[in-house]
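Shown next, in structure tokens, is the structure this report addresses.
Chain lettering (A, B, C and D) follows the sequence in which the chains are written, and residue indices restart at 1 in each chain.
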Amino acid sequence: MKLWNVAGMAVGLVLVLVLTLAVFGLPVGPSLALIGEGAFGDKFAIARTLVKATPLVLTGLGMVVAWKGGMYNIGGEGQYIIGAMFAATVVKGVLPNPHPLFGPLILVAAVVGGAGYGLLAGWLYVARGVEVVISTILLNFVAVQLLRYAVTGPLQEAKRQVPESDLVPKALALAKFDRQMDLHIGTFIALAMVVVVWLFLFYTRAGYRIRLVGDNRNVARANFIPAGRVQLLSMAVSGGLCGLAGGIDYLGPAGQLGFNFPQDWGFLGIPIALLAGLNPAGVVPAALYFGALFAGSDNLARYTTAGPTMIFVIQAVAVLGFVGLSTLRLRRKTAAAGAD
Amino acid sequence: MDPIELLRYAAPVAIAALGETVVQRAGLIHISLEGTMLTGAFFAMWVVALTGSVGLGLGAALLIGAAMAIVFGWFTIWRAADQVVVGTALNLLAIGLTGTLFRSQFGQSGKLLSVGKLPTFWGGLDLVLVLLLVGVPVIGFLLAKSSWGLALRSAGEYPKATEAAGYSVLRLRTGAMLVGGMLGGLAGAYLTVGITGSFADNCTAGRGFVAIAMVTFGRWRPWGVLLAALFIGAADSLQFRFQASGVQVPYPLIMAMPYVLTLLVLVVVGKGKRFAGGAPAALGQAFRRGE
Amino acid sequence: MTAEAGLHVENVTKRYGALVALDAIDATFFPGEIHAVLGENGAGKSTLMGILTGFVTPDSGSVTYNGAPIPVGRAFECKKIGIEMIHQHFTLVSAFTVAENLALARLPSLYSLAHVRDRAKPSLAAAERLGWAVDPEARIRDLSVGALQRIEILKALGGDARVLVFDEPTAVLSPDEVDDLFRVLRQLRDEGRIIVLIAHKLSEVMAVADRVTVLRKGKWIATSPLAETNQTQLATWMVGELPVGHVARSSGGGQPGIVAKGLSVKGDRGEDSVRNVSFEIRRGEIVGFGGVDGNGQVELAEALLSIRARTGDITFAGVPVSPDHLRIAYIPQDRQTDGLAMGMSIEDNLLVTGHRNLSLRRGPLLIAKRVHAWARGLVERFGIKASSPEEMVSSLSGGNQQKVVVSRALESQPDLLIVLNPTRGLDIKATEYVHEKMIEARNGGAAIALFTTDLDELYALADRVLFLSRGELREEGGAAALVGASR
Amino acid sequence: SAGNETAKTPEGEKPSTTQEFKVALITPGKVNDSGWNALAYDGLQAIKSDMSATVDNQEAAGPKAQEAMRAYAQKGYNLVFGHGYEYNEPGAEIAADFPDTVFVSSSGGKTAKNAGAFRFYLEQGFYLAGVMAAKMSKTGKIGSVAVIDVPSIASTIKAYEAGAKAANPKIVIIPPVFFGNEGDIAGAKKATESVLAQGADFIIHQANSAAQGVFDACKERGANAFGSNSDQNENPSGAVVASATIIAKPAFLALAKQVQEKKYEGAVSLFGMEQDAIDFVINPTFTAKVPPELVKELEQMKADIKSGKLVVPKAEF
């Protein structure tokens, strides 16, 4: 994307936001101020924006990998939940001896959980021909119920009173830089994953094959590249990234699992990936945009009567505005191409 | 359970899934069906609360359902935008829109609403249920035998053949979306003015997604889809029965049952196109002319 | 303008970019005759037929039917005035029944309450008239290709078309099915319709046509009553003078290479595409497979690649072919569907073979620097006209796209090279270069199977020439064999 | 200390005086649910009007919960209510980082210098509902419907069952049915019908915003329902015979006053009928049908509860 296009898009999105606020009768100036303040007002606000962007970076990356491989994974939410559950299982296991060195192991478990759940959808497609879109919708529902079961059953806190897991012991929680701030090192893990995924997609054989199969399965077939296996891999990597997001949210901001653990970050990976143009590097600004939007609109909801539902409207319009603007651009492009 | 009661509780999913059958047969997946149902549910309730007329409420639901479908269709059919992305966004929009309006109209701290309901006759049937029972064979017949159904199905199977035969894939799909949207709105309305006479945030509770899955479960046939919806409804009733008779199974696992069952059916049916029909070949694929 | 009955084409020209697909063509098609249109691949036959039936808009020239101009470029309206085309590629919905497909083709009015059965009736009646047994409830995907061809034809007959254009209807039929089709064509002709037939096989043309028109490279060459010509004459019109003489023959008798015995292969629709063929290609040898498209080339090539199921044996150097000890490279027939990932860059498309290249990777990693250098090298050596290897392959011209496919295959130093029409769309210099490279590969010990429809290429490169005709192999060469004249 | 030094006042807000008292409420669900969350919202509004405090509220659960708590503390809020057990442990932990903010959760047992919990003794109301149901049931069967099986809900239902058993040992209690989804009115209705199908003619609910489904089912089947959390006696269904209510205002005000006067010390406090925070109200339009002895008996029990003579069972959580 050219810088000029990015600028145009940004202006367009702000206009869309202003319009939405106006339509719902919110004072545009003060509302924008509240949103801006909530997203960037002070170091706390910036930290919140970053923390919200963290799972979005990871689920966005997850969607990029799957979609690049031609797999329409919309099961990020389920993979996120299962990842967190795997992490919580390990935490429960090492609870008697919560040594900080277990931290990486817990995150690996989250990756494995998410990857396994992604693979399940991949297998359903490759081996049984079940559309990924349909199977992942169903698997998302199943994951939510599994979570509910887990926190009232095997993963429930020690006293077995409330439907939650135990609070993650401090030693295992993701390190923070300032006790008063939300920022934790998970954000940097996510940023590192951007680099890793970027290297994976563009500098490894496996990543190359994922891109190739996603672009044209026939070429892969004619050159002895096992497309099914490659697509399974893309689902596993995708699920693993979403699982990692779940693990980080569990060890970081949430600190425990409960009914309300899933916050739609898995679903939101989809628009992030789209906004990023299916480019891992683009995921960072896209996730920051949404992170800031969420931190800002949370602030709006906190300090006005706009209410939590208003946030959904703002988010939805932000996505639709983006899709609308990008299809407009596409149309101009194809019109130009058709002219010759 | 009394069969009419079973039908009544299965109806929201069944009606939405019936519409979704038409939509998927034309090659689209209406991911925002959940949101369409929710707006239908809210607007039906709102209009009934304002006017006292259930008929007007149902009409409002049809209109808003159609409007949501048009938005979805404009992006996905005419702009060839991704169905999942647009659908996800519209679901968010629906939650936000209904929630915001609900608060602004009925108070910040909420209120248990009770509005007029659809009158029943013949031991519990009502207009919408009759419509559903008539709609299944009618839509089944139209899809299978009529000119419209034939053209529509070809758009879901092989859009190029549709265009070669002289129909516009884009228009056919838009028409299918209208049917799917109106039925989605009606399905939502039936929750609020048919079953409960009330509305709450998110009262569709995932039924739209279930309806999408039921279309696959019912193998893209109206009768199959109705049976699938009844099956899930019955499984749900059974689940409550279990609880009320003290059977000790963790209820989240019971609640996952419908989805797991659907997945199992899909695994068994798998790629077998021959087994009671398969997915429309062009399902979920945007059609761009001249490609 | 003549008010004569019939379809008149006057001075029609059609360009695709720089390519002149049809160059000032005149032709007349009369009622009550079967008029065959002949020409090599790419001669412009389908384009001309598309113009007659409204699917293609000409750049200039006119088409009149019974004295009145046809609705040019509007296939749908052409259908209304009785001009129908039976497409080379079927437009049948495979999940539908026969009746549904027949009904779909009848003029649309969505709101008419007409039942599928009613709309299929005229076509089914036509089937009965022709003596074809058709089960309206059968599913398309369960039918044989021959049956599909019949359905494709019946679709057109349901509307009582007066002009029927058949684009290569026999390409996929068995001899018996061809005979049956010809019986029907004659019957339709005798009912006073205009029948236009595109066929590659001269024997077929001789059997059924009343008149022939020959095109070559977009130009009109000849029109003649069938009685006043013969196969040799037609073949010469089609392909021009036959090239003679060979270049750079292999020394012959290299090490044993591929040996195929009793190979049979099915096509995508389950038809027998390749029937019981046996041949050998030694290392250091190019075996050319001549013949017209659609006679089993793609299927045979894919069977040799082991990416298509087959019966029969293939061994290389005496052991069954297995990818593990054999390097195979492939230049597919259709670069856009099987050769290139159009959403990726030139470099990425070169990497299709290059990502296996040990010098470009370390374990699972691709070494970017080396990949760039390697890609740049290929782009330069093969003269791929692009600003850089990072450029999207979709922005290249067809010829340069072809060079991408060819260069990466040749570069991978294969033991077995399977090539379909490698120079389609290349200019003379590039063609020469590709030919040179193939000979280099041969001299380097590769066994090469060259499938080509281009006679010049066939004779220039092949050490031995075989001909594929309806999935069977023939040894005899010459123009007649090339166009499938012999039975 | 750190929390207040770094916190800034948001722009666009009225200039804050040093005395400004700021109270925030964080709810796990929507405050328009006519139940658990709604009552807390009403409590918060009471603090606003009676103490002219600056109040704000936000819905935040799961990973957002701690963030929301911190966000208010960073802004120098004096008191942050977390309306649910899930805010208790995190609250106690965050409290250490924000010594000038008091974190109070509804239920839960962890405390710190500036963190604690309070809990409504709604079991008392449910107990009386159980007594009334057992005494009046014609079928001899009573039941309950709830959204999810969480301890706060389970405990109230246990108390309802205990009341019923105490009043009539032979009463048959249909196990509670959970319908799983907060807003799912139709699900609540269907769940209720499954209980009614077992023969119950009195039903109590913990259905929050889906309660209308419970009432509707009872009305259609001629059964009786109890309202819960708030006074739902006037529900248009006409099926509500009495309500077990929480009066949030006194509890919220009491806590807020303690905090304002800097007297708050981390504790777990219980608000019941003794504090006028819980009540059991018979629907006036229904009184005629209730035997006068029963009305009297219920009044006596209320008095006994207040005096401590009758202790209603409750679970710890």
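As a working rule, a contact is a pair of C-beta atoms (placed from the backbone, for glycine too) under 8 Å apart; a residue touches a chain by one contact, two chains touch by 3 or more.
Keep in mind the model is a prediction, meaning the values are calculated, not measured.
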item	value
Between the pairs A-D and A-C, the one where more C-beta pairs touch	A-D
Chain centre separation in whole Å, for chain D relative to chain A (CA means)	34
Rounded Å distance, chain A centre to chain C centre (Cα mean)	47
Chain B and chain C: spacing of chain centres that average the CA atoms, whole Å	45
Whole-Å separation of chain centres (CA-atom averages), chain C against chain D	76
Interface hub residues of chain C, defined as touching at least two other chains	none
For chain B, residues that touch 2 or more chains besides their own	99, 102-103, 108, 201, 206, 252, 255
Contacts with two or more other chains, residues of chain D listed in rising order	30, 149
Contact pairs between chains, per stated definition	A-B, A-C, A-D, B-C, B-D
Residues of chain D defined as touching chain B within the complex	30-34, 38, 41-42, 45, 143, 149, 174-187, 189-191, 193-195, 197-198, 209-213, 215-216, 232, 235-237
Touching residues on chain B, where the partner in the complex is chain C	144-148, 150-151, 153-154, 157-158, 160-162, 164-167, 273, 277-278, 280-281
Sites on chain B touched by chain D in the complex	1, 5, 9, 12, 99, 102-103, 106-114, 191-192, 195-206, 236-237, 240-241, 243-246, 251-252, 255
Interfacial residue positions of chain A with respect to chain C in the complex	203-206, 208-209, 211-212, 215-216, 218-219, 221-224
Of chain A, residues touching chain B in the complex	24, 72, 74, 124, 127-131, 133-135, 137-139, 141-142, 145-149, 152-153, 267, 270-271, 274, 305, 307-317, 319-320, 323-324, 327, 330-331
